[in-house]
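One structure is given here, and the rest of the page talks about it.
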Amino acid sequence: MNGALLTVKNLKVVFHTYRGTVHALDHVNFTVLKNERFGIIGETGCGKSVTSLAIMRLIEQPGEIVEGEIIFDGKDLVKTQENTLNTIRGREISMIFQEPLSSLNPVMKVGFQIGESIARIKNTSIKACKNDIAEVLRAVDLDPDRVANLYPHELSGGMAQRIMIAMALSSKPKLLIADEPTSALDVTIQAQIMNLLDDLVSKMNNTVILITHDLGVAAQFCDKIMIMYAGTAVEQAKTEELFANPLHPYTKGLLKAIPRVGNRDRLTGIPGSVPDLVNPPSGCRFHPRCPNAMKICSSQKPALMEINPGHLVACHLYGDENG
Amino acid sequence: MTLTEKISDFIEKRKPILEDWKHTFFLWKRTKLAIIGTVIVIVFVLVAIIGPFLIPYDPLSQNMSERLQPPSLRHFFGTDQFGRDIFSRVISGAMIEVEIIIIVSIISGGIGLILGVIAGYFGGAIDEILMRATDMFLAFPSLILAMAFAAMLGPSLINTIIAISLVGWTVFARLARAEAMKVKTQPYIEAIKALGASKTRIISIHVTPMCVSPVLVQLTLRMGTVILTAASLGFLGLGVRPPLPEWGAMVSDGRSFLLDQWWISTFPGIAIAIVVLGFNLLGDGLRDIMDPRLRR
Amino acid sequence: MKMDEILIEIQNLKKYFPLKRGIFSKGLYVHAVDDVSIQIPPRRIFSIVGESGSGKTTFGRTILRLIEPTSGKIIYKGRNIMNLNQKEMMTFRKKMQIVFQDPYNSLHPRRLVKDIIGEGLSIHEKISSGQILERVKEILKKVGLNEDHMFRYPHEFSGGQRQRIAMARALILNPEFIVLDEPTSALDVSVQATIVDLLIELKNTFSLTYLFITHNLAVVDYISDFVAVMYLGQIVEMGSKDDIFNSPSHPYTYALLSAIPDPDPKKKRSRTIPRGEIPSAVNPPEGCRFHPRCPYAKEICKRSEPEIVEISKGHLVKCHFPLR
């Protein structure tokens, strides 16, 4: 049985801007088990990227973690000191981002940069890592002789992302956070990269948090999925359960809005737009757009509750037996 | 609609612009130096406008019996070799500086903006010609060039303005050009082309307004330099003709009296220093505010 | 396809961009659009699908002569508009419009919405500003926005709303043909559906013809009548929607279809994913451009460019060994 690798409790993050305080994350709760592939899905402004940055403790002024615990392997990262965090980042928790080319230094050769990150972990010189660099590149189907001497701008998006994945996995992290790793890539390249990720993660048995807006990618890759809306977690369930039996009106709306090949049913969008998080709606943040909104929805925030085993929803339509 | 209704309606509709200004104001408040600079500039402008009505003496009238008096309660800044009250002259001179700044800004900013936008938008040969022209102007140290123009044109207020404008336009042209080059590749310009807009329309209505901001910022930043240049020309006798109380000329007037009657040069000199400082602080603050990265 | 009623016909369109690589550039070109021919019947949605480097975006723009084609013919209602001058093009500009992908940069950031939408009228028609305002109000309603929105700036609107404004801008001149260049790709999924529905509604209300450019095959399946698949500047397969989705015949079309991750966890397909990267359009591969990545490539594919074969009525494939 897998224990929990990461538990996020009541995470609240705000950003102080000229227009006021942006309530980016509002009491987010979730648990990621060891070796699990956990997907965080949401649209713009839902807070999924903020969540991943919070986990990595990369939130800086004007943002701050106001409340909550981020318990990684027994340690609360919110209370951990910066120098300890530095040993965790890049080693026990690795992250890959949407724009791989922004994560690479444009004036250094690719091989050198990979070497840098390996050398840091192994505490040796970059020269000594030559074989490791080659191994890392081969693991992602890239030819070391050709690629190691290239500069980032000579790489295609797919190649760059492979390198980022390689670098992230080279430290054999306990947790890999992939923030929209394929959103900037073409469909056929996306398929290659997700396949690669699938292979590598299966072999190394890492725990993965995949952040994406693409339900298709999540459906194919993740074991468990959490849906976020406007800074709150609205539903969590095993992937098959979520797609077969969506409970939250937002999840339902989302599923009805995705076009699928072969499906000629009418697509329905969700009317309205994502709320302004400086003045989020009172009560349930989704209520202004919800087809099932009730009176209580505008006054009281629904708590995340387990409705079926392993299936949690934050919605007044369900499980409010205690009033 | 009643008048109040009309006004509130007008404001409602312009709210978006107000939002933008709120943000700018917020940033401005955070920059202490910008505030100091703004205050200095505002005081300067007020002095220039209202001052002449409040001065105790006529800046031009001579009074030989009162010549070379040190600062006192009767003459706050003392008198010069012609018995003229320095305080009144400094105050009146402010207006001359303001005139110079405004007109130079309009001319050099205007020329620079138009030429820059045209060069940036059309590119190719037109751009090359403009760039070589700016290169030619920029090859000379600006003060020397201004001196050359002023000498050619002869000393007078108008010629000073023309000379300084001719030296200053190049900076704005380059800025406007850079901005125009960025703007012309934007999708909204393509969209307007798709609507069938003529090049004139695109340049005047769509491209130029986007280039005005950086030019305005730069204009403010350079106002200090304009004053210094005008004062330098005045000091060298190439600028405003006597007896007009231009500060630079006043500093020059007091040169031979510097050791014993220091006040004749010093007070106008201090005025120049403070005002230039004010503009520089304001300009720096403005640039920080306008910097899109810092706006986040 | 009714051959006698065609709104737009594109013949052998080519667009090559010269590569400037300094003084020693040897006349290298990016073959963005390389000999593309299509026919679009009126009141239909014709989709062009492709990934980066396919040339679909350039194609959309060259049809409207926003980018001047290198060669070829653009025949609108029987009239070749390729060589018309600015003035003559004005009549066609009213009939052929475009909506862009980027909702954040396709509206002038410093102009009010009413001016953005009314611009077309200011350019083409000599009517008073009061009348322009009236027309703007009408159009705003048709795209699902209201009067209050007129006096605001684009940055106050969400992505979906901005695309509505872009549509309004295109529609105010009563066009017949609109090029939609990835109109929903930059929007959230929940908003995409609303905008796609709006596009269909507007097409029916105004009897429009669309050229819909996208990389999203699922949306193509949802709305198109006809589909053309582009790869590296060429059309590799073209036909009715049913042809393409029920009998994909080009290996690339098949690869595209199988690469789409299915939002159904039960359907974990084993996918035939093409190897390698999309090559550059400067030096496209010899022979069939897809051969380096094609799982079925044979000797002939490396040497000679395939002919276009009509495998069933209206269904064309450019392949030596079509899958059907």
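Note that the chains are named A, B and C in the order they appear, and that numbering of residues resets to 1 at the start of each chain.
Criterion: a residue touches a chain if its C-beta (ideal position, glycine included) is under 8 Å from a C-beta of that chain, and two chains touch if they have at least 3 such contacts.
These numbers were taken from a predicted model, which means no experiment stands behind them.
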Touching chain A and also chain B, the following chains: C
Chain pair with the higher count of C-beta pairs in contact (B-C, A-C): A-C
Centre-to-centre distance between chain B and chain A (centres being mean Cα positions), rounded to whole Å: 52
Between chain A and chain C, centroid-to-centroid distance (C-alpha), Å: 32
Rounded Å distance, chain B centre to chain C centre (Cα mean): 50
Touch list for chain C against partner chain A, complex: 51-52, 158-161, 188-197, 215-219, 221-222, 245, 255-266, 268, 271, 273-275, 277-278
Contacting residues of chain A [partner chain C, same complex]: 43-44, 156, 158-159, 186-192, 194-195, 213-217, 219-221, 239-240, 243, 253-264, 266-271, 273-274
For the chain C and chain B complex, residues of the former touching the latter: 61, 64, 66, 86, 89-90, 93-94, 97-98, 100-102, 105-111, 119-120, 123-124, 151-153, 155-156, 166, 169, 173
Complex contact set, residues of chain B against chain C: 13-14, 16-17, 186-188, 190-198, 201, 206, 209-210
